[in-house]
Amino acid sequence: MIKQVTEETLVNGKRYWKSLDDLASKPSFKNWVEREFPEGASMLEGVQRRGFMKLMAASFGLAGLGMTGCRRPEHTILPYGKSPEELIPGVPNYYATSMPSAQGYTPLIVESHEGRPTKIEGNPSYIPNGGGTSIYAQASVLDLYDPDRSKSSLKRSEEGEDSWDVISSDQVKDDLVNLMKEGKVAILAEKSSSTARKVLSKQLIEKGVIWSEYEAIDLNSPEIKLGSAIGIDGGLRLIPNLGKASRVLALDCDFLGNREPFSLANTRALMKGRKVLSAKDAKKMNRLYSVESDLTITGGVADHRLRLESSQFIAFANLLAAEIFTIRKSGTNAEIERLQKRGQAAETHAKWIKECAVDLCTKHKSSVILPGSHLPEEVHLICYAINQVLGCIGRTVKYQATEKAATNLLSLQKAVLKDEVDTLIFLGGNPVHQASSLDWGNFSTKISNKIHLGDSVNETTSFCDYHIGQSHYLESWDEGKTWDGSAIVPVQPLLAPLFETISDLELLQVLLGSSQNTYDFVKSLHEKRSSTNSYDDFLRLGIEKQSPSYYSKEISLLELIENKEELPEPPTLDNLEVLLIPDFHSWDGRYANNGWMQECPDPISKLTWDNALLISPALAKMLEEKYPTLGLLPEPTMLNKNGEIAPDAANFDHGKQKAPIVTLSISEDQTIEGPIYVQPGLADCSIIASLGLGRSNVGRVGKGTGYNAYPLLGSNFDRIVSNVSIEPTGEFETLANVQEHWSMEGRAIVREGNAEEYITDEAFASHMGAESHSPKIWGKDQEADLKFKAQTTPRGNSSYDHPDHNYEKSETPGLHQWGMAIDLNQCTGCSACVVACQSENNIPIVGKDQVLRGREMHWIRLDRYFSSTARDGAELPSDVQVSFQGVACMHCETAPCETVCPVNATVHDEEGLNAMAYNRCVGTRYCANNCPYKVRRFNFFDWNKRKTDELYKGPLGEENDPLPSMGKNPDVTVRMRGVMEKCTYCVQRIQESKIQVKVKAQRNALLVTGKDGGDIELSKDDIKVPDGTIKTACQQVCPSDSISFGDLSDPESEVSKLKNNPRDYSVLGYLNTRPRTTFLAKVRNPNNRMPDFASSPHAAREYHDKAHPAHHEEGDHASDTIKGEKH
Amino acid sequence: MSSKVTDQSDVISPELMNKVKPAKWEEVPLVLNNRSFHWVTEKICGIVEQKTPTWWWWCFITALSIASFTGLGLVYLVSTGVGVWGNNNPVNWGWAIVNFVFWIGIGHAGTLISAVLCLLKQKWRTSINRASEAMTVFAVICAGIFPLFHVGRVWFAWWLFPIPNANAIWPQFRSPLEWDVFAVSTYATVSILFWYMGMIPDLAIIRDRAKETWRKYFYGVLAMGWRNANNHWRNFEMAYLLLAGLSTPLVLSVHTIVSFDFAVANLPGWHTTIFPPYFVAGAIFSGFGMVLTLLLPLRAIFRLHDLITEKHIHNMCKIILATGSMVGYAYAMEFFIAWYGANSYEGFAFINRAFGNYWWAYWIMVSCNVICPQLFWFKGIINNIPLVWIISIFVNIGMWFERFVIANTTLSRDFLPSSWGYYSPTVVDLFTFFGTFGFFSVLFLLFIRFLPLMPMAEVKSVMPAADPHGGKH
Amino acid sequence: MRNLFPSWVNTIPVKVILSLGIIGGTVTAGITYYATPKYTRVGYQPTQPVSYDHSFHAGQLGLDCRYCHHGVDKSSHANIPGAQVCMSCHKNIKADSPLLAPIRDSYFGEDTNRDGILSEGEDSNGDGSLNQGPAVPWVRIHKTPDYVYFNHAIHVNRGVSCVECHGRVDKMKVVHHDKPLSMSFCLECHRNPEKSLRPMKEVTNLDWSLPNSNPDNPHLDQIHAGLDIKNKWGVNPPLSCTGCHR
Amino acid sequence: MNIKYGVAATFNSAKSLFDAAGKVREEGYKEWECYTPIPVHGLDAQMGIGRSKVPRFTLAGGITGFCTGMLIVWYMNAFDYPLIVGGKPYFSMIYPFPVFYELTILFAAFGTLFGMFFLNRLPRHNHPIFEHPSFGRTGDDKYMIVIEVEDHKFDDEATPAFLKDVGGKSITVIREPVN
């Protein structure tokens, strides 16, 4: 008999409510409970209240299902369009909100299960992002459930330095009011695009508060620099409009990646211009030039890429300007001469610059130049001038007038030194850690009250003696602007604060002595702005259009650049430069405790849980010569030497990357230590160091990850640091690299062609790979339509007749036949899909140690290959092309994994899904071995149950904190140890949609016709899910729409059309696995006049060189081999 | 060494003989020194009946403590997860499957000796078949540990058997692992039956000689009431012959099916049709290696020189030489086919085997399996018993590495270079594997202590006295 | 030499074979009966905090299932009603019954005088509002494992009655687990849905049987009617893993 | 009380037993048996017994095994719960052949062993022959012929004498104790 369910377990639901259970004994919890259900008496006031009550009732009633207890905020939240009027347990709700950041607010739709936000999606109402989100937005939901976040406010105890007292939020408020009364308050805030905060900050400044802002990676600085260079009051923000661009030149500007703002919109717009479905599109395809010191994902997309040290961009920009001015016949001779003179250092690249300039000028008005945000003022100014000369301002680029910058950290320092500050409030951020060049010790003695508002305890908290826990944005009210200023978006809470925390707005309100709560405040802001739309409508849509003002005045370059200082010396191998970039995993350090971000591999270096000092192969060679025992690069093996496989870019000791640790120093006190990693594609004398890891006071996840590069950030906060010397320490660090091998080895895995090739031969991809010269996979049915192939699995050359995709023992084929097409030409490698999938499918975090052992669990991985035909034996190439390929379960029709499973745990369903029944799996791992794509993931340990560092203790190990489990998707099984898992094509979404469509059709039939039983007739179309309804998590997040998913038995579906495109191919198609996920070959669009032009992409040349060695000859041989294929 | 030269000319037509002038045939008897039936009985029963020797106790305790490594390793594994081993993605099968194939390979010699050599009327098999069969049974038990415990959820391993259940779901018979379940369990069962059946007359002898009561009853129950009656012998011999006939295809099929674990997969380096014969040859090779490893010390300890003669050792060395050469041929043929097939994935898999990340394992394998046994061409070497013993150990080492090379080089570098990886075992892997040697030794020690080491009736029946026609043809 | 074993030992083999057969058979039968969900789940009948009588409310009063289990046709979960659903009647009927105390406590909470307004002395925790009482701890009876995703809405809307899985709840004074709800139970119906399909309006009518059916063989008529519904509605219950396991 | 079971005569060599057995057969005895430490080559024919029937059990076992294998595979993978696996047919004679094959051998082996047991009426731990004082030697190096009382030609005096005639040593009457 079943054991009687105890009262306690019922009320508290499943295990993962234990955190609340534990908290129940604390007074703070009792407070929430009381705040949670206060409206009982007034519940009959309105519809929404009633809905609210039902939720509560239901959530308690269904406690055993694991849905309960989460608090709803005190104010009603309005569901987004498709949400029902009332909440029904088991049916998720969707709310519009946005994610605050200094780079503009990102409009979001958040999925909530019984009051628990579980999944974040982009708000498609905001056109530039088109429903995509950045990887950080995806991961931010995990921060809400971070067990290390601040759960209350703390005050340094009188007992000792390291002990803290918990204080109530009422006490905090009283303390703040008192401090305000005493005066001499200064606030150091992290930057924000919040319009609400702006209003409050102005009020505070009026009250005499010193308001200053600091951001380590200040993406607002270019606009300020440009504004001041041109001499206007305020900033000038460059807003690219790449949808109209046909030629783009990026100057050290990772505008598709995480280093520049607006990257989602940029990605979407640029990649749209690279979508080629026919030869006609290919002719119109845009072309991207990228000059950069680091290898970024922008450089990966680029058709031409030039390696150049960041400090050399002034010269480069000058020379480029000179060329363009000459071609466009603009500017005076004196001006051009001056530009040429200042650009002399870039002469070595004169040919490249010239041809690039010619190309830009032929497409003037639709070309654009984008400077990197870390580049000096002069480059921004020149780019403005070039964009002006090219006639693209207002077309492909707009300059938006922005407000003046707030007081910066240096001015605050002055005020402090002048004893003008008694109380300093850090509003978010972590300046003590980031601005390490400042004399914080001096600060400390000058200020008596140091208060830190932060989402978790960090290095700045250690500096202060008062910590106020900050609410997550999913727990707060706010509103802010998007980066392009075209919209104001609301931030509405999905749930009331889980812990006793307050938002920054609440804190400012307290300082202002206002009793208004933030909801009313934000609502009043909206009402002031707009009288036509109700606030409810605003929340429902999640966006409100704005019309910002743009600047397009002509400038005269000569005057403005007249008195520029000396050009920086070009760096050499003895005199290196360091470029400080935001870390992929943690950005400026704020996501350092986010396990999803830590475990998501950096798109280029493929490192997880760590950052490394990236150096170029040239520098590596130099270091090897200088320090022969360094062990930076592995000894070339025989296979490397005779070109059988490419040499590794790092020493892998038993599969674990062993990286030597070096010291980089500018001066005595400005040194950092970090492991080095050789990255092909880097400018020879640049070292790339990322900021944000190596934090000293951080939660359990971020502890011990990476090195800290902030000490290199000088007092001017310039991210290009010169005159750096490098010295090995003799120690080594083990790096968790998820991809050991960087070369495709001439295998036709990612198939690429140039636009010109594509125009002459649209099916170039099908002339590659073993299947191009093996018997036809589908035999006599090779040319049959997709629907027939999907439903019947034609026999082809198999010795077996394959069963059709029918329902069990029937002649009826499955209603849909699911398939996916991934357009490699659209993928930039941003990796948002990896985290989106992790969030949607409850994929566990395994930790660095397990990643090192090759046990990462991501269902989709982004394979990154470098290709180069200039490879010389065992030398690492310097110039490489980058190819990305998202690989998840391919749902092969003749799946090798299924055949080998002894227990029927992985089988096909009638709709062509490769099902994985976790509960049937015994864990032989045979399927994973036999998967040619290696997409299956095994639960080697109880990742979900056991703490990451206690895995080896087995049942004796401590269990995981249950808080993150609240963010789990209740529609997906949480897997136990010993079972296999893999991509399911988001089967939970498929099933939910199918159910919804059927339920709707059935109810409609009953209601509309009034008939019942056998009198109702539903056609197949009534119960079929319309194309586009189901989006897989990876597809939904993708800003460039590179993933399509749908029904192959519907010839009109998007995915069917893509699969019928001649660019479509199956990876390892010759194995006759017949994957349902196919890829569309990548098309590059190089300029044949450029010095680095190659008639075929490197990857294609590598393939042809290996597959047809007879054709091997220098020069234009790729087209020969293609012709050879056809014979 | 005694031998007798027989002149065949009196049997075959003398005229013909004169014409052909055949060489004199030296017939070496299988039991030396004209031993009598009784001597054989005394010798073999004596081993069981004597007082337990001290060395036995020492060996037993040592073996038992080594065996505990496996026990501890498995307890840790089951309680904590497969992660305690070194397996990863892409190398999802690490040592576990290597060890499985290794042990099951060893478990081939016994059945081979008792069945195939029986059918081939190789009379010299009689003195070594019992011990080899015991070795087979114990090796199969050791082998069975690995596939059972390598699964993620051992407690559900019964799902591999066709047992009706409330979930109404069944095993999947297309999987080579499912075939393995049937092959290995059939092999274990049939080997045990065969072994036990062959032992019944011997158990009856011990029963009849027993002095202590426990012995009388213990062997009495095991002997099933065997009476040495001609009717018993008649059915027994027929059953023995049939079991030999059944075991011969079985022994070939088992390693064939084990090789299907690899050959049916589609990975480069695994997906080859040469695997079944290559694996069977390898299994026989390793099995005979292990037989030599075990019997040479036993021969010395129990003074069995009259029963396990140099002829036996020579014959086994010849088989090792032959199968070792077959294995070497298979290695070469794999390379040839990979090159000839012109599939770049396949080609790379083999180049990588020899020169890639596990090159050392490959060359250990080649030197132990191909080069080492070639020494058996030399008479001086096969007559040097200690040297034969050392080579037999090398054979075992080499065959373990063969499985390691096959399993790991392919998995660590297969189709997509992005998922290439490296596998190295953990301490738990090591302990669990080495523990099985202890476990095996425990079983083998119990066997030599309590069960007849050689089939007395069979040994006697190849002696001249067994001839009902008084030794005259 | 003498016989070691007495002569009766000769009969042991036969006896052993016979008894093994009998024991084996019994054990197998026992396991199939006692260790399967059919036995382990069916009949589970816990005591509820409030002795809600389904046979009275749903049977005699004829309350529709969906009155309380309001999510059943919209959501994957059927939902247990909150206290206010009970109170919509029991505010007036049996308003002071001691049996209903947990419901009232949950519903009114701090509102001791039950007027819906915060009166003097009611705000016991001093947060300025009326708080609800503790939830009624109903004991869960039907539960599928975590890895099984049963969706009520699709079944209820496609003509599968509550009675198929929950039995005649309208006749149960105290609800018990009536059907095994094992995988084979689910498959049985998914393979032969025609045995269970009925018009949508009759889904919550637990007493329903096909009207005008041949009294001699009502099952055959139901199968015909069910097949008619199955074909016309396009009912094709999934039999592959993805139908229920995600 | 004792029941007379038969008369035993021992022989020292396979040859003497072999010759004697031929004579016993020629004499027309039916219920008699030879006890030998080894299976003596050609003794069956000498005793006038035919071929063993064990192969029939083996064949029956083999056929049962093959059919069982086919039946379970067909029932489990094609009939009761057909699932699409790797695009392979639900049932085929080819893919599960290893299963048929192994089950054929397994059942045939069971048939053989149990057939042998059945034909030899084993296990039988109690038998009058064990009452013979030197029965134990038949496992070692002695041969023995026993003519049972049951035999129609058995004669209390003639039979022992006949055995002596054919070369039997230490003629012993075996008596079975009855209680």
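For clarity, chains are labelled A, B, C and D in written order, and residue numbers in each chain start from 1.
We adopt the following convention: a residue touches a chain if its C-beta (ideal position, glycine included) is under 8 Å from a C-beta of that chain, and two chains touch if they have at least 3 such contacts.
Everything quoted here is computed from the prediction, not taken from an experiment.
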Between B-C and A-D, the pair joined by more C-beta contacts: A-D
Between chain A and chain D, centroid-to-centroid distance (C-alpha), Å: 78
Averaged-CA centre spacing for the pair chain B and chain A, given as whole angstrom: 57
Chain A-chain C separation of Cα centroids, rounded to whole Å: 45
Shared-contact residues (touching 2 or more other chains) in chain C: 1, 4-5, 10, 187, 239-240
Sites on chain B at which at least two other chains make contact: 167-172, 174, 176, 178, 208, 220, 225
Residues of chain D whose C-beta touches two or more other chains: 81, 83-86, 88, 123-127, 130, 135-136
Chain-level touch network, classified as line, ring, star, complete or other: complete
Contact set on chain D toward chain B in their complex: 13-15, 17-18, 33-44, 46-47, 49, 51-55, 58, 72-73, 76-77, 80-81, 83, 85-86, 88, 95-96, 98-99, 101-103, 105-106, 108-110, 112-113, 115-117, 119-120, 122-127, 129-130, 135-136, 138-141
Touch list for chain C against partner chain D, complex: 1-10, 12-13, 187, 239-240
Residues on chain B engaged by chain C in the complex (per definition of touch): 164, 166-169, 207-208, 216-217, 220, 225
Residue numbers on chain B that touch chain D, as the complex places them: 36-38, 41, 162, 168-174, 176, 178-179, 182-183, 185-186, 189-190, 193-194, 197, 201, 204-205, 208-209, 220-221, 224-239, 242-243, 246-247, 249-250, 253, 257, 260, 456-458, 460-461, 465-470
Interfacial residue positions of chain B with respect to chain A in the complex: 76, 79-84, 86-93, 147, 150-153, 156-157, 159-160, 167, 169-172, 174-178, 181, 261, 264-267, 343-345, 348, 351-352, 355-356, 411, 414-424
